[in-house]
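Lettered A, B, C and D in written order, each chain numbered from 1.
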Amino acid sequence: MTQAFARSSKQTFDRLSNPAGGHSHPSCASPRSNSLFLHLMKATMQRNTSTLLTSLTACALAIGTQTMQAQTSATPLPATIKIVSSLPRTGSANAQTTSMVNGIRMALTEVGGKVHGVEVLYEDWDDASPQRGNWDPAIEAANADKGIADSMVVAYIGTYNSGAAKVSMPKLNAAGLAMVSPGNTYPGLTKPGTGEANEPMVYRPSGSINYFRVVPTDDVQGFVAAEFAKSLNATKVFVLHDRELYGKGIADVFNASAKALGMEVVAFDGLDTKAANYKAIATKIKQSKAEVVFYGGTTQTNAAQLAKDLLAQKVDAKLIVPDGCFEEAFIKAAGANALEGRCFITFGGVEPKLLGGKGQVFYENYKRLYGKEPEAYAAYGYEAAKVVLTAMERAAEAGSLSRAAVLKEIAATKDFSGALGNWSFDANGDTTNKVMSVNTVKDGKFETVKVVGS
Amino acid sequence: MFEWFDSDVLLQQLLLGLSNGMIIALIALGYTMVYGIIELINFAHGDLFMLGSFLALTLVGVAMNCGIVDPELMGASSHWWLLGTLVLVCGVFCGGLNLCIDHFAYKPLRRASKLSQLVAAIGVSFIIVNVGLFWGGLPMDILGGGGAAAAPKDFPHLVSDTNLLGEESFVVMTWNDVVIFVVTIPLMIALTLFVKFTKLGMAMRATAQHATAARLMGVDVNKVIAATFAIGGFLGGAASVLYANYNSTVSFQMGFRAGMDAFTAAVLGGIGSLPGAMLGGLLIGLVRAMSDQYVGSEWTNVVVFSLLVLILIFRPTGLLGLKQREKV
Amino acid sequence: MSAVPIIEVDGVTMRFGGLVAVNDVSLMVDQGSITAVIGPNGAGKTTLFNAITGVYDPSAGRVLIAGKETVVPLDAKAWWSFAVFGISSAFLAAVFLHAEGLWLHAVTENYEYLKPFPWMKGIMDAAAYVIAHGGWAALVGGILGAAGRFAIWSRTRRTPEIVAESGVARTFQNIRLFPELSLAENVMVGMDRRMRAGFCASLLRLPSASLERRHAREEAARLIEFVGLGTKIDALARSLPYGHQRRLEIARALASRPSVVLLDEPAAGMNPTETVELMELIRRIQSTRTTVVLIEHHMRVVMGISEKIAVLDHGEKIAQGNPTEIRNDPRCIEAYLGKEDLG
Amino acid sequence: MSQSPSTVHRPAGLLSRGQCILFGALLALPLLELVFDLGISAPTRFVLGFAIVGIGLNVVVGFTGLLHLGIAAFMAIGAYAFAILTCTIYPFQIGFWPGLLAALLIGAVAGAFLGAPTLRLRGDYLAIVTLGFGEIVQDLLKNLELITKGTQGINPLPTPWFFGATFASDTPKSWYFLYLGILLACTMLVRNLEHSRIGRQWFAVREDELAARCMAIRPDRVKLTALAVGAGLAAVGGALLASLISSTGEPGNYDFQISILALCIVIVGGIGSLTGVIVGALVMVGMNSILLPMLGQKLQQAGIGTTTSVYLAPDNYKYLLFGLALVLMMRFKPKGIVAAKEEDH
């Protein structure tokens, strides 16, 4: 004890005598320490760089009695803080969310697990239950409550499903805990006038914004899909959806955009996502002589089966699906045959390997670290974590790592240069990044056909 | 746009309904047999069927990797012998597995209440689903796996998918459809004959009528139950290959819907009745296809279950179920 | 003695597939009497009991209880129930098949965000919309509803509960107690016919329900003692030995204060002492002005207590009369009695 | 009246001894949290909600012996009825308590209506029909988009009010006590029914329908009462759970898996026993929303499960654990944790 104490005091004085001041400097980055006292000391030092004397006094007092020290430093930076993610880890979305969690871990590793010398813990929470095999509202709500109750948590990365966000957003908002979603694309979560009359205010009981997302919303994507259908010279389109929040939402946008662009929507049907096959629907599509089929759905809601059955029933219509299908699993599930030249996938961004700048670095690192191609949303997980960590760094610099401080800094994210390019959060908490791509499958791999909005 | 009556469309939907219905009927037989003998709704049956498809997928993968079949030829030419082998192997696998499940999970509960058996079946179904998830994670290089364990997998066409009615025809009928009938109908006939004429079959019928009486007459009831599970499992395994080949998809979650459809079919036809299960399966397949075409796919489940309720109001023991007279 | 027999079986036939279990049997049971139905195994005795108590619907013939046929008549009440089912399913079909339009007209169009809802107008609009658009749905739904109700009604015209309601209680050949219920509860189920406590009284444990329950319990205790089962009224029925279970079943049957009680082989499996006790019990039952009909193989019981005996063989009634007549009837001796010592 | 030995008249208490102990423990749980930082009173609220659903299902399955596989449909009906009648985007806005009462009534009526065609069916036909209703209700909620907002889910739902207590997401304890109170009320009322004429009719129909009918009990009416009570309670549970997360969630959330969870609660806890149901809810839902997440968290903190392999992530073993628990439970305690007769009186 005495030894540890002596060592930590020495380091404290080292820091004090460091001409670089309080800003962290590689040479004095202390090894991981389990001494609370050390952290408190460091925090004191960092905060009061300008007033060396005060620090010295504080320090002297601290050497005298630890309790005194705790009283004298006003709002010290904590020793460790936590960020958590709440994603569906059990069940069918597992592949995508594993990739996202990997992205988050990467972001954390890149900063050495610390911001401004404060150790950052990360916990990967599951919002799915084995009964549901999918996100479970009770678990998501419990996660939100758990996050709120744990005072170490300063940021909540999640959710993957927009429906889940609807559950946790008001809770986290009331508690003033920042929430950054790498996957929610339902527009009504942030944009007034796109959803219900009470959206998005209903998610903001405190009146201020705590929810941000690094992924462009479906209203952009649905429109891009419709434009692309038009560019395929389609006159008749057949719109299907999976009767879930995401799929139905984007199909609605596509439906409206297609009509606006002068195409005829011959049918707007919901699919039974658990059905064995869609050959009967494929027959109906064939009968309708539509040139394009749009399916608002994901790999998990059986989009691959639809693609296969269109091929099996010799339907010539092209299939357009949204980014819920932009993952390796979709190609593997459908088989490249059913997709090549027949299927187009829109995505709110570009595929990881086409990312430029920092994105390319991310892509290379990810492949090196995990030994496989990242899924499409990996970059969003990474980006969300990056934004949070950067904001925390700024907040720490400004002297506080409280929830409010972190939230303020996340909201202030501007001209952020990350893996997804250069972007900011707008007043609603949406990313200004509107890059969209249309992809197809060639030789069993995604290939970008068109990039819009960059 | 959608002509109400279009003979091509009608014909196509009938064909689809029959093909889907045949597979459902084959699974329904497994439910109805087990139910007939021990009055257990075997919830794990649908998931067992799912494991059969995974075995088929793995075997096809192995066959491709070992150069037994040429991956390039999948879908272009037919691999009858491979399909036949798979039906047998997966059938035996599922039959054996069903036997083991019965032995370890249900048999100790024979004397417990029906509900405890049901919960055990639910538990087994969860376990199998998890096994399916892990199986999906096996490194099946060609067929996908690893991190995407949970995703549905593509099952290659084992038979040619050229249209037998000619490339110009609106109605599509391929060997995929034919193979279902070629496998299913003989199996059903064989089962019917087996139950009617063999000694074991008669013992099964006797046990279904009255287990205690059968036991007193010297029927080894445990053997009969085991045989029932084995045969039901075999049919489920055979169905799993047909299903995988017909839909060209294998997923660890597909057991639920297949099981539910089959269970509905079994009840619709009259649970405990073999011809009832076949009829129920075909009917459900047809109603699904017709509803998808003429009502709208989002209403298909509603249509199927409303029909079920209506039929049960007028025929409380299903279409071919015998009127139950309680022994007093 | 009243002129009307308490049970009149009039030409009842029961067919199961090709098997004729009971063939054109007629039987009169006088009020207050003890009547036995005897015959070899498989003669159709229990089937006749089942036909009388409504468990089976006779293929032909009628059963009159106290001069009345115990079937649900096709009267105003039946028509009323078809009408109610038809109309309510018509209404449901009309509402459900037009749910969205209805909602749009009655609710959405009358509502502005955060303003109070004009309830009256909403309801009027809803009614107008259903009347204007629901015709076909209502017609189909109505027909299906009424037909479904009719199908169920026609299958359940003569059911055990309706027969039991008219004062017929019975026991079963293979004892059918409620095994997981206590003795008292078993007997109290028998009293259900006479109990009045409704749902709300039970839910809230109103004094009326508590009082009724307390009285029922006391009466159950008396009945259990009456049949000679002592005071352990809270033991589970399944814990009783076989002979006691038979007596408990009799107590349960008596609990409904029936005018006639049908006992199906009450002495089966009883030892001689118990049999004597049983005969005593049956006489005591008769002394409470309850008619007793029993199926029995035990000739000592049959000959000892019956006033009238009917003999069935192969589903047909071959003889009827008092014990002496039956004892001397050559057909009975040939068919049945000859094989057994009459004791 | 001369009172002979206690055997003649022994009224059932308001709660059995087991129930008293259980509720005492549940009451003490948040107090325990004052000392130890367990953080479990918040997730335990879900347990309480599911316990109410379980009590409802227990009336149907445990008391009356009807195998019901679609109880989630009635949770959905309750949640949606509550939501439509209280949410601010709808005109009605009748408030928390009237909404809860309406959910109870609508659920009960729906239960009776949907039950009516099934009354004459044998046990396992009933199972498939109820399973079908479970699916139909989901489909209806999804398809009648104008009314139910389809897959959007309805939010926000009003938080409860109770004599000045505050109900916010950071005050889980007030929710906890309120829900515990509602659960207690449900338990006592259902216990009243259990020990009354109504309960006796249920048991009689369960034990031997034919014998009951020969005692002039009308099984239709008895089953209908049970279905209505069960559905009504499930609706209340659904509404409370919805209020807890302030949203109905998607209709797909009320699927077969939830019905199965409810059934497992009843059977694992001890079929036919109210104490058992609550214990069952604690075990099953607790495993789901408290134990498994906690375990996952602990494993993560221990540095296990960070790898990308599907076989090493603890989350991927949840199905297996859940299934094994069910099978083993049935193997060694087929009557459930609390067997019905052990808690009587």
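Here is the rule we go by: contacts are C-beta pairs under 8 Å (C-beta built on N, C-alpha and C of every residue); 3 or more make two chains touch, one makes a residue touch a chain.
Just so it is clear, the model here is predicted, and its values are computed rather than measured.
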Partner chains shared by chain A and chain D (touch criterion as defined above): B
Distance-maximising chain from chain C - centres being C-alpha averages: A
Pair exhibiting more inter-chain C-beta contacts, C-D or B-C: C-D
Computed distance of Cα centres, chain D from chain C, in Å: 34
Length of the line joining the C-alpha centres of chain B and chain C, rounded to whole Å: 42
Chain centre separation (chain A, chain B; CA means) in Å: 41
Where chain A and chain C are represented by their mean Cα positions, the distance between them in whole Å: 66
Chain D residues counted as touching two or more neighbouring chains: 88-89, 117, 120, 142-143, 210, 260, 308, 310, 316, 318-319, 322
For chain B, residues contacting two or more additional chains: 126, 129, 146-147, 149-150, 256, 298, 301, 313, 326, 328
Multi-chain contact residues (two or more partners), chain C: 55, 113, 148, 152, 172, 176
Chain-to-chain touches, reported pairwise for every pair that qualifies: A-B, A-D, B-C, B-D, C-D
In the complex with chain B, residue positions of chain A that touch it: 91-95, 98-99, 130, 133, 243, 266-267, 269-272, 274-281, 283-284, 286-288, 299, 302, 304-305, 308-309, 312-314, 327-330, 332-335, 337, 372
Touching residues (chain side chain B, partner chain D) in the complex: 35, 39, 41, 105, 108-109, 112-113, 115-120, 122-131, 133-134, 136-137, 146-147, 149-150, 256, 260, 263-264, 267, 271, 298-299, 301-302, 304-306, 308-309, 312-313, 316-318, 324, 326, 328
Partner chain C, residues of chain B touching it in the complex: 310, 313-314, 325-326, 328
Parts of chain C lying in touch with chain D, wherever the complex brings them together: 53, 55, 92, 99-100, 103-104, 107-108, 110-111, 113-114, 116-117, 122, 148, 152, 155-156, 159-161, 164-165, 169-170, 172, 176-181, 185, 188-190, 192-193, 195, 197, 199, 201-205, 209-210, 212-214, 217-218, 221, 231-234, 236, 252, 256
Footprint of chain C on chain D - complex, ascending: 5, 7-11, 88-92, 113, 117, 120, 144-147, 189, 192-193, 195-201, 203-204, 207-208, 210-219, 225, 340-341
